[in-house]
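Letters A, B, C and D mark the chains as written, and numbering starts fresh at 1 in each.
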């Protein structure tokens, strides 16, 4: 055939390499760091940055899971309440086991956390996929359910972690390994795993296909139900990991734990460049998005310009500007 | 070319006539009323029903606007804060004008409310369409901004309406006309107008087209930007109308006014049968959805089955079941 | 030399009472910054426990704090972070809610949430003659809410007062309005209502007014909101008393801390504010028309 | 095949010879580049009123690009348009429409969530006293559709109607207003007999009213019947404009391809065996198909003929678990249960959809992931996707199936329609099935590629697979099949093979009740 030999030079390989869309969140991050430095030079101090990045770890870890859910065409509003619920279950279990297991109650509790997260994610996934309910509504429902359960478990108060476990568990948030805070390490591991699964495995392919076009996925022999349910399960496990890091930080679960995190998580994912309508997820962008959000909050505390009442307004404006910068840098 | 000269008869006519999807929300409403009666016969008392429907009026009015935004393919998370912001502006303006205008301050304040709503909606619309920012994020940003502004205006406290205006304004919420509470009348008018615009005008068609398929709409010479922006403006005006009904109820605006209404509004729209991904809006379903939500909350209080801690869980479960019933009644 | 830095960490103004706290904290900061050139008071608000921990980290990472005045969201969650700051040599003043480790706080200034519930209950028992049917509205599931309810319930135990119903209304007047409407629809006879916060009481009063019912003899709140204190002053028959839980305690705490810092007076130890009933007789002392609360 | 430059263009008039004075639309030296890729270069064309002007070319020659340029969907990077001597510049399609140019797209561009009527009048709704006049629009829509012979209800949602009906709706939409130039980009690709005839009649009517028609088709017989002039594009460049009626189909094909062509249909091979491979008993698809039984043999090409709406697509989607339905299925004599496409693929039965854009390819995705999507399990054993293997497979597929593309980094949606079809074929065959079901294999495929695809199908049966071909082109079925089953209103109305396998016999079975009875004798 004619055109064949001349028309397929592989000269466009380089296209894969740099894309402004991918770089957007990182540029926004850099801009924010520069701005922060101008406002208050302490902003770039090692302690401050390490604090902020450590704090962003929860949202980052959950957002890695959310990147799966969103790129498979779903949405999960229940993650904030799920953190509270899992933290509650975990603490209750650890406290119950502490007398018999001693410090072994901590790893046992962690295992329970992961199993609980998995089941919560599975529940969300099944309601959305098998029940065919709009994810927004389904997970709004489970959000109420998880929140009510933690309220019930705490009788409206707090469940603190047992004193005997407290000190041993503390390093999971406050410790460092080779100078790097443990939550940062954990979120890095979660991100690397997430990126591996999403970009390098068959499951990642399926996830993107289901999010991009359900029909095409179905006609290609991909189970939409299974793929999307697994995405919710991954989300649940990520929430569990975040809860595991969270518990030692505050040492207790309350009915207000994790409130509104779902919005932060989704914002991080979207700022990171993943489209809410599904199709393609960007794990590293998500991580950048989570850090950006925490940096904005930090900047509010470090700067003295803004009236307490207006902090939320300035945050809103900065997020909108960050998105605009990202859009128009293309 | 081979010619087959006869086409198959149109045997699929009947498929398009009665649609369970349209009837779904009304069936769910009826089921809920029956359930309520079983649980507590007082449920169907005139006072109770009239209270509940009056209460659902705000969410219903706002949800009519949201039906436009959602069917045009957008989303607005800022409506709850916008209610608070508009109520704040309105009360401040009325109080300022009361000494000079007397009771005329009330209609003047209402006009200001509508103008403010229009501008807030315009701001949302422009950020989403011209700024090309994912509506979820853009309106999450403005949600923070409106909330912060009302907090700033009230110094975190309350702005009560001037005593001289209070009694004159009260009937807008508590009054009746021909035995029907005024908020119910207002929401009926808003719904009729909304249905008229969405179903009977060119703009309504454009709205549905933009939501169903942006490309097709653009190719048909419809300005996606203009159409979607107008939807946000309609939303803003609806929020203003809701705020106008709201102010006389408690006579004050506070930083907690309208909190989480956005979730209720979106739930009402979706329960009403409008798909979140856009396309065709169902105004009457939306109204049914708003009433359903308020009835569920009412039912929780009137029944004695549920622990105070678990109310949110039961509500979540009922919403999910309502959606399931609607799905599988097809 | 260097200015002495006093950091004030309080919850964000998300309802009436916290708004009062913010108002008084800012007023104190302004007055002190103007009056004492070598003291700087920095006020930071946080919308949740986790954010408050973050704010503490941020404040202490960027500068050395000489003193910290904190109104913690919750005791358990804030104990460790405050201890970390204490370990840097900072003077710690805790307001309202004590930390789980009392040795951390140099100065502790608190209201008494249990007393808020208990005193209200006592008044109600008296007024209703030891028996009656009441409904209760509670706030957001937190310690404060829990303590007030506990104080109330412990006090009515064994009397003829019967709680018909108790539900959350999230310290929000709208939700309280709806909840009260529903209570009224559900119970043909209610003797009294207790909303454990004045924001909610406003909604309750509107609902009662709309219903036109006369069986409700008492509708009480708590916290000392100016509108309600005004009612007490005016001798309202349904709301004749009020329980203070003055947000101005933060101002007192800041002043005491600064006094300690600049060496005017060494202040340490515990200060427990009482929750006496506000009645028509003493209501004027509790009335601050300029406060947002 | 050799690359022959032996086209005797001198037989034809040179381009530009036969130009009367007043073209209604003129494109002058227009080019279109995407980045560094040139899709169309220096095309000059005059379109006269009352003239049917066909544009032909291989898949990817740039025909659709050119039409989109003329009607304002994209802007040229060089060159200019003029109408009646006046320079015009369109930045949006509605401007071109206002100027009197309408385009019927090659792909279906309708809002699926809206009704047929809504779609027809989108952006130009009729109003009465400020209100949209639904009743009148419905009436007009129904009338227009009836005129085109399309019987879909005007109130149906587009999402619920078949591909063919959607195409008719698109055509109706373009014809609703009076235009000066109407452009049809492969309007008949998804149509069969009746509709095609009616469309051609309507085009002649447009011509008679002095309207200029631009017509693109791979069905050269249509071109021959219609065209006053034929412009040939090759690789984005003009080959020339020729008077229509002097060109034979073979001439056109040669001009398009730039070399000699082999016969369209390959010599039939005697690979058919008597060993049934796929047997289907009592297939039912609620609402579409009742009680269909058949079997496909090893080495056989089995055709499925029928008119639009006969339920062929639904039959196979039902059998393969893609829509609700029941059937007893045996593969090589062993009963199997198929509840999803996955199970079908695992059993070795592959189905290639007729709706390549909606159900076949991820248009936003690159070619590699598209190619391996159905075959993930077998292609990437283990957990990880092997990109190098995927790239290799893509290069292989591109050369085997002759997929023309400008870059390997392209997205599937950027391929021309015909090349998308070939990519889809490659994708499905990557699963290495033993039974291949191809729905409309050559829809929108140029003549040279058609021949290739027939060749591929023959290769499949030569390897001992069974191949089922569903097609609305009877000629094609007769040309390549060993046996043809004809369906009518959801049932099998007959079967033809050998002697009886003629177009007229198929047409009879597909349309007439009596044929069903009479056909007992044929069997």
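Operating definition for what follows: a contact is a pair of C-beta atoms (placed from the backbone, for glycine too) under 8 Å apart; a residue touches a chain by one contact, two chains touch by 3 or more.
Composition by chain, UniProt nomenclature: A, B = Inner-membrane translocator; D = Ribose import ATP-binding protein RbsA 3.
Remember, predicted model here, so these are calculated numbers, not experimental data.
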Selected pair, greater C-beta contact count between A-D and B-D: B-D
Geometric centre distance via CA averages, chain D-chain A, whole Å: 44
Centroid spacing, where centroids are CA-atom means, of chain B and chain C in whole angstrom: 34
Whole-Å gap separating chain A and chain B, where each centre is the average of the chain's CA atoms: 30
Two or more partner chains touched - positions in chain C: 13, 22, 138, 141
Chain B residues counted as touching two or more neighbouring chains: 151, 155-156, 275, 309, 311
Junction residues of chain D, two or more chains touched: none
Those chain pairs that satisfy the touch definition: A-B, A-C, A-D, B-C, B-D
Of chain B, residues touching chain A in the complex: 127, 131-134, 136-138, 140-145, 147-149, 151-152, 155-156, 263, 266-267, 270-271, 275-277, 307, 309-317, 319-320, 323-324, 327
Complex contact set, residues of chain D against chain B: 73, 92-94, 97-98, 109-114, 118-119, 121-125, 127, 130-132, 149-153, 155-157, 160, 192-197, 219, 221-222, 307-310, 473-475, 489, 503, 507, 510-511
Residue numbers on chain A that touch chain C, as the complex places them: 40, 42-43, 45, 47-48, 51-52, 55, 151, 154-158, 160, 170, 249-252, 254-257, 259-260, 294, 297-298, 301-302, 304, 308-309, 311-312
Complex interface listing, chain A residues touching chain D: 1-4, 7-8, 10-13, 15-16, 200-206, 208-209, 212-213, 215-223, 279-280
Chain A-touching residues of chain C, taken from the complex the two chains share: 12-13, 22, 26, 42-45, 47-51, 53-55, 57-59, 61-63, 73-80, 100, 138, 140-143, 145-146, 149
